[in-house]
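Each structure below is given as structure tokens.
One chain, chain A, appears in both complexes that follow, with chain B as partner in the first and chain C in the second.
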Partner chain A sequence: MSVIAPDFKFSKFIQSLISDVVWFVLIFSLIGFPIIMMVLFFIPMPVIDGELLTPFLAFTYLADPSRTLPVVQAFMETDMFRIMAFPGFGFAALLAAGTIFVERKMLAKLQLRVGPFYCGKFEGILQLMGDGLKLISKEIIIPAKADKPIFWAAPVLFVASAAAFVALIPVAPGWVVADVDMGLLAVFAVIGFFPIVTILSAWSANSKFPFIGGIRALFQMVSFEIPLILSLLGVVMVTGTLNLSEIAASQSSFPWILFLPVGAIVFFITMLAELERIPFDLPEAESEIVAGWLTELSGMMYGLVQLGTYLKLYAFAALFVVLFLGGWNGPQIVPQFPMEIVTNGLELGPVTAKIGGLEPILTQVITPEMINGVLMFVLKTVGVIFFILLPRGVFPRIRVDMLLNLGWHKLIGLAFVNIFIALALVYAGVLGPGGLQ
Partner chain B sequence: MTNEFLPPGLALQKADERIMTLNVGPQHPGSGHMRIIVQIDGDYIVACDPDPGYVHRGEEKMAEYRNYITNIPHLERPVIHDSCNVLYPYVLGVEDLLGIEVPERAKYVRVICSELNRCIYTMYWLAIYGIFLGHSTMFMWPAGDRELLIDLMEKISGARVTHAHFVPGGVRNDLPPNFEEVCLRQVNYFEKRIREYAAVFYDNPILISRTQDTGVLSREDAIRLGVTGSVLRASGVDYDLRKKEPYDVYEELDVHSNVMKEGDSYARSKIPWLDMLESCNIIKQALEKMPKSGSVRVKLKPNPKGKGLNSVYKRVESGRGSLGCHIVSDGKVEPYRLKLSVGSFRNLIALPYLLKGEKLGNMPSVYWSLNYWPVEADR
Partner chain C sequence: MKFELVGEIAGNYSTVVLMFGFAIVAMAPALILSRMISPRKKSNPVKFLPMECGQVPSGEGRTHFMMQYYPYILMFVVFDVMAIFMYAWGSTLLELPKSATLPMLGFFGIMFGAMAFALYQSGRRRIW
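Coming up: the complex of A and B.
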């Protein structure tokens, strides 16, 4: 009997099929069904033909698209959808997962190797899923002398801060989770929270290498926050607003990077430092302090920190796009929908195919402008992420004293140069009221 | 129990709450198979105590229980990437004891193998130096390009590493047919590739600003501490055994030894790279001057010197500096005593002097620039 191909028994095969089906039904009825019902109770149900749809009859109108689509539309207009799915966590997590894949393959090509290849049929595209499953299934080991509540909470807090950052990013006109007037200040507040989480995690582990890594992270983040904030003041001066949606909308003709290139460069460098990317990966410097402040994290705690790191990477790249590259603005390349087919239906010989309820969803929620805006935003963000990933293949790590020297001497000076450029542009009348934009 | 009887790391010290003791290694990505006990005050290293011996295997004692031929495979274990060079002084010594004259072609084959092995070792060393500085491309490129020369060594000896190709009296086998052309082609390509490393690594401004003026070893200190090889030459001492005490056919070849005056980590990391370019040059010369045919191995004869203690000390320039082998024979088939004097251990002596007062971030670059191989130092 071969070990590789054990004996095949038809009864066992049927048994395994039945057990799969039973598990599926069990999980759906215990978890999936309650979630759907909770969502249906949560959203304001639409009124069709003077009749309010009730969640109790949910399965009766699943078969009728003219009743299902208004429910979907009502769901897409809720805050829950925005937080969980589209401009919020789900969208960001999807882009972050794509970033990890692109990073691995791109770095592999740069270094003359293959990268992930076997997991998934195409170029190891399921590698991340495999890694995630591995991390989930691993044992979580807590150091005996650790401050356990804080040590447990830190990875969760890290992801929460990153998700809070993601919530402030406007993706398309009107598509933002939290459209606050003090948006940029809120961003600074969230960025200021990361060093606290890092030092909490590092110190509570009660171990030497995480402690050194945490101190380094604190040095790095605090000394680079000042040039980061200063470099963005130029944009605030020329737009006169702190609202990120308004800043993005103000760049309909020119992106600010054309007028404020110095600020963009300073922001990009500080962004690399805040993200702990090479050449600024001192808090995780492998050959010096093992894995820095991540050394004692194991299993899914490490996975959560990685998730938070890549969410943060997406959020910073998106912030760069919103502030300097024009956000969702760009040429309209998505064509208008054929609305007469949607309203009148498509004539297929004797039959007219018409989906009721499609028209409001296409005119109110998923408009061509929204799709185009998202497309432009994603393209620009992916470009910025590419340039964030690229230094990893080219540069070695720099040292703490060089880092502090760069942050305190050079970048702050350049940020002030940028502020003077912005002031000159506003006072000369090039920008601002009566100017170009 | 007073301090001097305790092993390092266990010794009681006066408590100073500013100073933190870090055990770097053996289970640490930046240590190798050894432990460095580092005491840091903030970001500065106050004291450093390298603690080798984690992979001690008793090669020297083992050699006393095996005869001269069965000693060959295990004596190259200390540095499997540089196995021909590790075996070289032993083979030269045994030949000297037996009074054998080696055929001319075998000498050239030995020089080619030795230079190929030096490049293979240095590429491995360079890969680790790259990853120690956080430069992952410089880890992958040398590790990949090393395969070119490993393929050549596999064609010669049949093994990728641990070739066991040098034997007393010549080399084990003749070169395979058509070897000269293949070797010239691959070595030329290899030379072109390693010249490209300068653009991404040695001319990289971040690398230069990180390693320049760190861990400076002056010329006087280098001579006083007894460091060898690339570390010595990076401090401005022109001492290359291939030129100073030429063995086999090195005196017929034009060998240039690379010397830099700075003595810092950057110079120490650049000398092995320059040595690789020089090795390519030597291989090409040797391929040209080598006799095209002839015997590569002479038959061993019984010891003509008979009973009585005879000793011989031979040394060669390995990838990590001078590598000596002292063999004492009492006329039997086993050596009476065998002592390997390795460059790694001599270079490690300089580490506490170089790291004192440095920043913690410089520790990996200074440590690995010493061209130190933990397994060889422990033997």
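Coming up: the complex of A and C.
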């Protein structure tokens, strides 16, 4: 039985609606519209058909695809699109969501369970959406005497650090958010953020288990940073550049893992340690210290940290692909588009179906080479992610002293072996100028 | 050899900062929305105590905690910087004359000796 307020009157209801609309129009035209115009004044608008695009023209263009598609193309070439959608946040978040689902399903199969099953019609495919809705509607409990501003900011900063890492990864030729000359050093700089955010979150919670977990995370990330940095020096020596796009492009004939397998193995192991994944999940060892540095995080704060963790996992797997597996290089399996159909339209008897303005997009932005590059990159990245997920169902957790022993004695030694292999390859004339290409 | 202005080089990195900022702007509303639609009940002060497996916590949350790995941290401070400086040599290896590798091998020797001594000392638990 629905309850209507006792003093409900339909005329009052209409009156309140009208007054809401009047207030909205008044405030928007006095404050919102000038602000939009001021913002648009500072944004460079594209020139389309020899005509500078204004917001007014953009609205009129919406009716005609041959004039809308150039606007879409101009938008796809901006930095904002790269940051928000394709090689940046949206793409990485999509792959991260897929990773979470595959991990849960695959682990269940390894352990003879079923895994997510009921949410969604097919094999629990909507489980992640359900979990997200659950997390966003749960109460966030801040422990007493916690350092509130830092405690609130830490999950967001964790996601933001992972996003800055994603920004440096080239996905296809020219498709990278930040194409910088010192890309690899920038990656090391961004990796250095994660221990800081972790220890900030752990210290601000004013609780013992997060504190122990945070200190463990700090030690682990710090110990494995040196083998991580040293294992990638071999690739830099044989390519002679720190730009990640150039490193990926230099592997058009063969991936560097063929010549530097020791470095690849060392980097993979340090990657597992930096990602806090089993067998190196000491910072969140659930059988020893409740959930490690995630213990006091509840609701959406935990969800954000999970999102950041999986963005970081994608970024590390993509870095492995770019440095050792050849990035976007691979056989061209995407066929060329039938350009006569695009330019002339599809003729079916008396009817001609044609979308004007499609040709420049298909020849300049979304070329078959770009689609093929993205496909190859995603296939390799998914393969690497699979090998990152696999140890979770196979290995037990190792002790802290074993971890430090592995990092400091074995991996650093192997990383130097890799450096000497690269040096020998360059001076024997196998790689570098005059070598194989 | 091309020279660029420092500002231009630094400007290339602005998209990394933009991506960092975009993630903050995109993710902070999730926390705010969650705070708006989720229940907030201050029914019981015990609810807000730090997690200690059901016990009432005793002592302070932020205490001195002996992890006993100081030698590794000291080694990190030295060898992380050394590892980064090796990139200056590694990234220009193809352009350098071969004689430039000899002092680098000497540097490796010093680094190995120092690291071996530091690892030996870190293994002597009684002195830490």
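Simple rule for what comes next: the second predicted complex is superposed on the first by the 379 of 437 C-alpha atoms of A that agree within 3 Å, B and C clash if a C-alpha of one lies under 4 Å from a C-alpha of the other, contacts with A are read in each partner's own complex, and residues count from 1 in each chain.
The definition used in the following text is that a contact is a pair of C-beta atoms (placed from the backbone, for glycine too) under 8 Å apart; a residue touches a chain by one contact, two chains touch by 3 or more.
Quantities reported herein were computed from a predicted structural model and do not represent experimental measurements.
Of the two partner chains, neither chain B nor chain C is touched by A:Glu123.
By the touch criterion defined above, A:Glu286 lies against chain B but remains apart from chain C after alignment on the C-alpha atoms of chain A.
In the superposition on chain A, A:Ile278 makes contact with chain B only, while chain C stays out of contact range. Put chain B and chain C next to each other and count what each touches on chain A; the higher total goes to C. After overlaying the two complexes on the shared chain, residue contacts for A:Glu369 are found with neither chain B nor chain C. In the superposed model, A:Gln111 lies in contact with chain B only, and not with chain C.
In the superposition on chain A, contact is made by A:Trp152 with chain C only, not with chain B.
After overlaying the two complexes on the shared chain, residue contacts for A:Phe395 are found with chain B alone; chain C is out of touch. Contacts of A:Leu233 after superposition: chain C is touched, whereas chain B is not reached. In the superposition on chain A, contact of A:Glu77 is made with neither chain B nor chain C.
Across the two superposed structures, the residue set of chain A contacted by chain B and also by chain C is 208-209, 212, 290. Per the touch definition, chain C reaches chain A in the complex via residues 9, 12-13, 15-24, 26-28, 30-31, 33-35, 37-41, 45, 47-53, 57, 59, 61-63, 65, 67, 69, 72-73, 75-76, 79-80, 83-84, 86-87, 90-95, 98, 101, 108, 112, 115, 119, 122. Residue ranges on chain A touching chain C, taken from their complex, read 79, 82-84, 88-89, 135-145, 152, 155-157, 159-164, 166-168, 177-181, 184-186, 188, 190, 203, 205-209, 211-212, 215, 219, 222-223, 225-226, 229-230, 233, 236-237, 240-242, 290, 295-296, 299-301, 303-304, 307, 404, 408-409, 412, 416, 419, 423, 426-427, 432-433. Within the complex, the chain A residues that touch chain B are 107, 110-113, 208-209, 212, 278-279, 281-282, 285-290, 392-402. Considering their complex, residues 20, 22, 28-30, 43, 130-141, 144, 200, 204, 206-207, 209-210, 359-364 of chain B touch chain A.
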